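Naming follows writing order (A, B, C, D, E, F, G and H), and every chain is counted from residue 1.
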Amino acid sequence: MTNELVDFVIISIALLAIGIYGVSVKRNAIRMLFAIEIIINAANLNLVAFARYIPNSKGQTFALFSIAIAAAEVAVGLALIIVAYRMYKNVDIAEFRSLKG
Amino acid sequence: MADAVFLAISVLTIGSAIAALELRSLIYGSISLMGTLGGVAGYFLLLDSPFVAMFQIAVYIGSIAVLILFTVMLVRRQLIFIKVEDKRRRYAGIGLMLIMMMSLGAIILSSGIKTIQTDAPPVDFRTIGEDFLTYYWPALILMALILASSVIGALTLARREDIENDQRTS
Amino acid sequence: MSAIAPKFRLSYFIKSILDNVFWIVILFTLVGIPVLMVSMFYFPLPVMNEKLTSPYLMLTTLADPSRQIPLLKSVIHSDFFRITAFPGFGFAALLAAATIFIERKMLAKLQLRVGPFYCGKVEGILQLMADGLKLISKEIIIPAKADKPIFWAAPVLFVATAAAFVSLIPVAGGGWVVADIDVGLLAVFAVIGFFPIITVLSAWSANSKYPFIGGIRALHQMISFEIPLILSVLGIVILTGSLNLTEIVQSQIHYWWIVFLPIGAIVFFIAILAELERIPFDLPEAESEIVAGWLTEFSGMMYGLVQLGSYVKLYAFAALFVVLFLGGWNGPMVWPPFPEEIIKDGITMGPITVHLAGLPLLDQQMINDVLWFVIKTMGVIFVILLPRGVFPRIRIDLLLHIGWYKLIGLSFVNIFIALGLLYAGVLGPGGIL
Amino acid sequence: MGTATGIIKALNSGVKHLAVKRFTLRYPEQKLKFVGDGYQFDPTTGVGIAGYKGRHMLFHDKCTGCQLCAIACEGVAEAIGMVKVQEEWKHNKKAIMPQIDYGKCVFCGLCVDACPFYALYMTNDYELSSFTKEALIYTPAQLQVKPYVQQDAEIIFDARGATHG
Amino acid sequence: MATQLPPGLQLEKLDERIMTLNVGPQHPGSGHMRLIIKVDGDYIVSCDPDPGYVHRGEEKMAEYRNYIQNIPHLERPVIHDSCNILYPYCLGVEELLGLEVPERAQYLRVIASELNRCVYIQYWLAIYGIFLGHSTMFMWPAGDRELLIDLLEKITGARVTHAYFVPGGIRNDVPANFEDMCLKRVNYFEKRIKEYAAIFYDNPILISRTRGAGVLSREDAIRLGTTGSTLRASGVDFDLRKKEPYDAYGELDVHSDVLKDGDSYARSKIPWLDMFESCNIIRQALQKMPKSGSVRVKLKPNPKGGNDEVYKRVESGRGSLGCYIVSRSKPEPYRVKLSVGSFRNLICMPYLLKGEKLGNMPAVYWSLNYWPVEADR
Amino acid sequence: MSQPESPETKPVATAQPQKELPQFEKSIADKLESKFSSRVAIEFVKPTRIRVKVKKEDVLEVARFIRDELHFDHAESVTGVDYPDQKEIEVVYHLGSYTDPELSKQVLALATSAPREENPNPGNDSTRLPSLRDIFYSVEFHERECFEMLGVYFENHPDNRRLLLPEDWADLPPMRKDFKIKGR
Amino acid sequence: MVGEYAANFSHVLLMFGFAIVAVGPALLISRMISPRKRSNPVKFLPMECGQVPQGEGRTHFMMQYYSYVLMFVVFDVMAIFLYAWGSTLLNLPKTATLPIIAFLGIMFAAMAFALYQSKRRNIW
Amino acid sequence: MLKELLTPQTANVFIGKLGDILVKAIDKPLGYAINWGRLWSLWPVHIETACCSVEFGAASSPRYDVERFGIIEAFGSLRQCDLVVVQGTITRKMAPRLRLVYDQMPEPKYVIAMGACAITGGLYFDSYNVLPGIDGILPVDVYVPGCPPRPETLIQGCMLLQEKIKRMKAR
């Protein structure tokens, strides 16, 4: 019993789908951030899986890049959430919109 | 077929990914997100890329999850438990998810990916470093710029201007 | 208060113990041995004398010592033994207990007093046992509004994470490490990252003010010192080109890295003081400001477990320092060789001489390694403990200032020193040393 | 660099003290030695005689039951009560003697100052803890007993620090 | 610092960020009192001291006891500085009753009060050490003060509550080899307290932590009416032993140290320097003391004061300590008021802690030389 | 022990005037007398101690004069004394000086008095005095203590709250003479 | 074979699990043998120095040092990135140092800005 | 036959009986062991009520060093303590707080009344703000008289308390 590439790819698809569901349904800014993280992880998983089965180091390299960029994105995203929270005392995206007007 | 470890990790990852989005409490949601990230790190280990796996744990769980947790704790207690969403949207989202899964799965499964097999030894993690510094060095610089701009942007955004300076002796 | 029981009598005590022994023996013979016999049919047994042992053969070991030895050897080399006992949990817990005792006695000596003295007749060596027994028999209070699952799990997870950290430390040559990982150093950093999460979660879950402030302080402190901690080791990685801790130790056969990279060693040391929340960096538990910091709401055994975890963590960090900078187990051979006769001819007991094949269970080299390792680790632990008696507590802004300005700068200096050593051709492949 | 030398000096001072003698008085085995037998008062000169202010001692053959000690204590702690005793003394017509409640007494010694007949002294006994409050009330008969104390430890100095011996 | 004191606090705007912390009464950093502290993150927004947990009504009780019976309970507010807290009371009663203290008693009083000052300061220093998280600095002073306590016990017969000073002199003469013993201990004591420099006062971590924490300028120190080490650390040279010598201090050469900075570090250093000065004074007094003589004027029982009032003050461990006695021709005083240094320094606490970091709270609080039991009386 | 009996008298205003008065202290008293003439009563002048008594309407003015012209810059203590016979509560401020080295020995007792109520209702009755907090900042806590111990309400004091007594204290202010402690 | 490396890591997990198994019972035993008296609800209030607690335990409590947490996320990534470089340095040509120096230069600039920002306490 | 016997109920009963036997067998030595642990590891809670705290501090100073008996002073939180040493006068303001502190501590807990004030009110028997002893609010185990008690007396009191713990029921 060994793992095959297709297993990893299927898991990756599942994660992607969950992530997209989260992004489209959730209205809480922090939850949306979670969903985005899940999507990024799905992508990374794909990268590394293909890199392993087509023996090549490039996939891992790009996975590293994308993790680093995810970190940067989270930092900025959370800073935004903090600012929004401080202004509206809420973390709900819909609220942001309604309060602005 | 996949082995038991793989199945265990799959259950952990998918389950906690769903839990991260659906649990009532944001704190538990963040803990579940940590589970997802850890599960993905487990896949990386199964794929013989320990460097990426450790990087994933150290960066994602060691710092990003900490930041998320910390921010969640700053949010007022009532808000941690609030879940605002309407039912129709939710069903639409689930439908979208299923459709995506089906279609992508069908595409992938029919694409002949099943035939890919390998017995090659895994790539040494040192080659990653080599890649960075030889062929992909512009990407490295670009990444430095991204990181730098993100830290600058985050700090500029997150500070508060609404407090007068005289309320606190500096 | 509780009623006063009849007067304590030693004879009663002994009688009760004998009672217990009797019951245990009865139960073992009636239940234990049959269960053992039955279960031996289901478990794979080790290969002895090139034969697969059967359960009946196993039972003969009870009578024949020469058969016990290979069995013992196979136990010693099994993963289970490693995890539970020797380089793993048991060893670490033992050293942690020794550390607590040494700390109390040393602090007392420094402060011109005696320290634990009456408990256990000799210099209070049983003090720790008394504390443990008391803690385990103490009521556990869960605050009413606390988040119960996290609150219960936090101490256990704290110990477990510390144990996972211990598993990465190589103790002696020849693979005496629980998990020999190619990227061991990175794994260490990955494991360290869990501590702030557990701390801040437990602090949050208690739903009380002092733990919350303490937890947030702990978080800031730990993550701020994680970067200098990571950067200060980079010099060694540059010079050895390896992330494997065993290889790093082997690279120090001739010279310890502290000789070439003293700045890195200092930065690393200060950073581990901060990671361990030891004085002068024990802000998360600063009792004069925030009672007991994030430990405020822990009572009874939970508190005991957190203490155990933190001392296991202390051992692990001290051992990491030894592995990285002090040459690990490398040292001159001081353990006397085993007497030839015992290996060749066997042991003489009265009139009988028994020849036991493969007698020294552990070879001389390994025991020597462990000896050196323990000595060095104890030395480092001593130096970690010493500041507790000498320094006051620091303030959080000063702490962050030290971490972010001084230590990061110094660790970059250290990296450039390493680079310089490499490119000047002093060290590294083709270097003059 | 000042910081570094300061830190090294502090560490050095700490390590040096690992060699200094311990100052601890090992109490249940050793007991401190005091001046004399306890605090007494000399009414003729109006000056006390130095000594430790521990539990009192009452000389039944001197006490006249004049209650002066009780009056002195009334404004301090109300620790002294006068109780009847069975003994018969010529000078003690009322046959009352002080009984001291050590749950109240503050060991100020004013009652000793007040007694004009040298009947009340203080002794070196201080081990008075008990399980109950009643056991802290000392009757005249108990106060009569001279405590047996073996106190001989004193502070000794030498080059390696002070210690008890 | 601005001369205008901060006005009452408007916190409404910040309410969400503000957290109220109770420091005390069961708090390792507080002891007998409570500070209600409001923090915004790491900064203290307001501090409201809530003393009175040891308020025992000493002043009321003093109206029901005669002049001698007042001694035991009037020394209880500061039992580790009990000679000094009785000093102004005894001086006052002596003036009321017109008593003249014998010379030997005067010198012995000076010696006892200086010894007691050292004992007090050592205890204070010990607690300061534990407040800053320095356990050795608790143990060393707490151990070294026992040297002097042992000496005082040999003189007075009690470890801390000596009840040694009485109107008209002292209770009893010193034992035979007193001078010898005293000199030896004081010398050794001085050697010991010098050791604190390396581990505490010159410790860079301590300096970086307490320098600049809770700065009290000279003007504010005067305006707030602070006293003792708090005042002298702010640059005001005011020591009653020098300015208004009582008893034998007139014949002795006293000079007390003054620092300019006015921060926690200076405030914590002044008492330490004081101990050296105390050792000096004790040595001088031992030399000049008459070798024999009476030590107590005989009082008649239940003495009555006239229709008069006195206000006497001495320099105690915490600064000037005044005693105001109103007498109405009765054996009991009509009103006794202790004006204690701790209570006078209490006012600095809300003033200094506002805007400080939370981490500075123990350092500033205890450096004010504040003993809650005394302030509550 | 004796009960505090009724015939209490005010402090004897002129304490041995025939003895020659200490020079320096006399000069201070003279300054006060020349400024306010009969509005202040110099009650005694002893070595290093002076006591003056003023009416409660004048106390602010006198205090300001003492601070600005006589350079007494802080208050050492504030004592309330209850005189049930005169139906007044006397409040004595002991003032000292740090800035003027000549004055460092001197303590000036500034006494004033407020009417006394038989059934005190602290804060709401006529036992009121103007607060000296704006002149001598250091009296803040002393006046708070005086308020709760004797029921003297200080007007314009920023926070006249309970200080030492328990929060649920519902008895008389304890330092009044008619508050008897138990058993006496 | 795919998945060789994972075996080594499993030991870490096993150790983690063993520690839980080993110390978890301590809590259970403690629960079993500790005295449990029915006591008043006061006991389960949060500890507040002998006062009855007021206010909420978990508030919007923002330390002035939030900036350091933000910075940590970015610079932690940087620090571990340097390991990818450091561990391969021996196999690399010397010119490969140049990109990393540029990388460090940019990060230093960012760090200088960040430290300057977080030093200005009163804006946090 | 066997199947009938081995229903969950009978199994439960059997296991329960076995547990009872085990508990009984274990109870006594365990009780001794626990009491032994408790008596050598008394951690006093840090509550200073009045001037006796000075002598309590002296008791943990190098000269008397109560840590010899396993008593560590300056412990941060009351949740980890098991001994209340009432160090002196209890005023009316302090009394409810003291009771709260006692209530919040985990079982088992012991009380030592230190000083005349804590026993009977001592000097302040007639003060308007002082409770006459703490018996009314806390169950006291050992009384340590003196004003303040010498550290030796306190240590003696602690030894008495150890003696008492030895004879207490462990659970």
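As a convention for this text, a contact is a pair of C-beta atoms (placed from the backbone, for glycine too) under 8 Å apart; a residue touches a chain by one contact, two chains touch by 3 or more.
Keep in mind that what you see is a predicted model, and the values were worked out from it rather than measured.
Trainee: Go through the assembly and pull out the chains touching chain A as well as chain F.
Mentor: Chains in contact with chain A as well as chain F: not a single one.
Trainee: By the contact definition above, name the pair with the higher C-beta contact count: B-C or A-B.
Mentor: Answer to which pair has more contacts is A-B.
Trainee: Per the centroid of Cα atoms for each chain, what is the distance between chain C and chain E, given in Å?
Mentor: 48
Trainee: In angstrom, rounded to a whole number, how far apart do the mean CA points of chain D and chain F lie?
Mentor: 42
Trainee: Counting in whole Å, what is the centre-to-centre distance of chain G and chain H, each centre being its mean C-alpha position?
Mentor: Each chain reduced to its C-alpha mean, chain G and chain H end up 38 Å apart.
Trainee: Pull out every residue in chain E that's touching 2 or more other chains.
Mentor: Expected reply: 16, 19, 25-28, 42-43, 52, 55, 57, 60-61, 64-66, 72-73, 130, 135-136, 139-140, 143, 146, 161, 199, 203, 205.
Trainee: Name the residues of chain G that each touch 2 or more other chains.
Mentor: Within chain G, residues 1-3, 5, 9, 33-36, 43, 45, 47-51, 55, 58-63, 65-66, 69-77, 80, 84, 86-89, 91, 111, 121, 124 contact more than one other chain.
Trainee: In chain D, what residues contact two or more other chains?
Mentor: Counting only residues that touch two or more other chains, chain D contributes 7, 10, 13-14, 22-24, 26, 32, 75-77, 106-108.
Trainee: For the complex, give me every residue of chain G touching chain E.
Mentor: 48-51, 54-55, 59-65, 124
Trainee: Within the complex, which stretch of chain E touches chain F?
Mentor: 5, 8, 51-52, 55, 57, 59-61, 63-66, 222-227, 231, 236, 238, 243-244, 307-311, 313, 320, 322, 324, 326, 328, 330-332, 334-335, 337, 339, 343-344, 346-347, 376
Trainee: Any idea which chain B residues touch chain C in the complex?
Mentor: These residues of chain B touch chain C: 27, 31, 34, 50-51, 54-55, 57-58, 61-63, 65-66, 69-70, 73, 125-126.
Trainee: If you look only at chain C, which of its residues touch chain H in the complex?
Mentor: Residues of chain C touching chain H: 1-8, 12-13, 16-17, 19-20, 23, 104, 108, 111-119, 124, 126-127, 129-141, 210, 285, 287, 291-293, 295-300, 303.
Trainee: If we count contacts the way the header does, which residues on chain C are in touch with chain E in the complex?
Mentor: Spelled out, the residues of chain C in touch with chain E are 107, 110-113, 209-210, 213, 279-280, 282-283, 286-291, 388-398.
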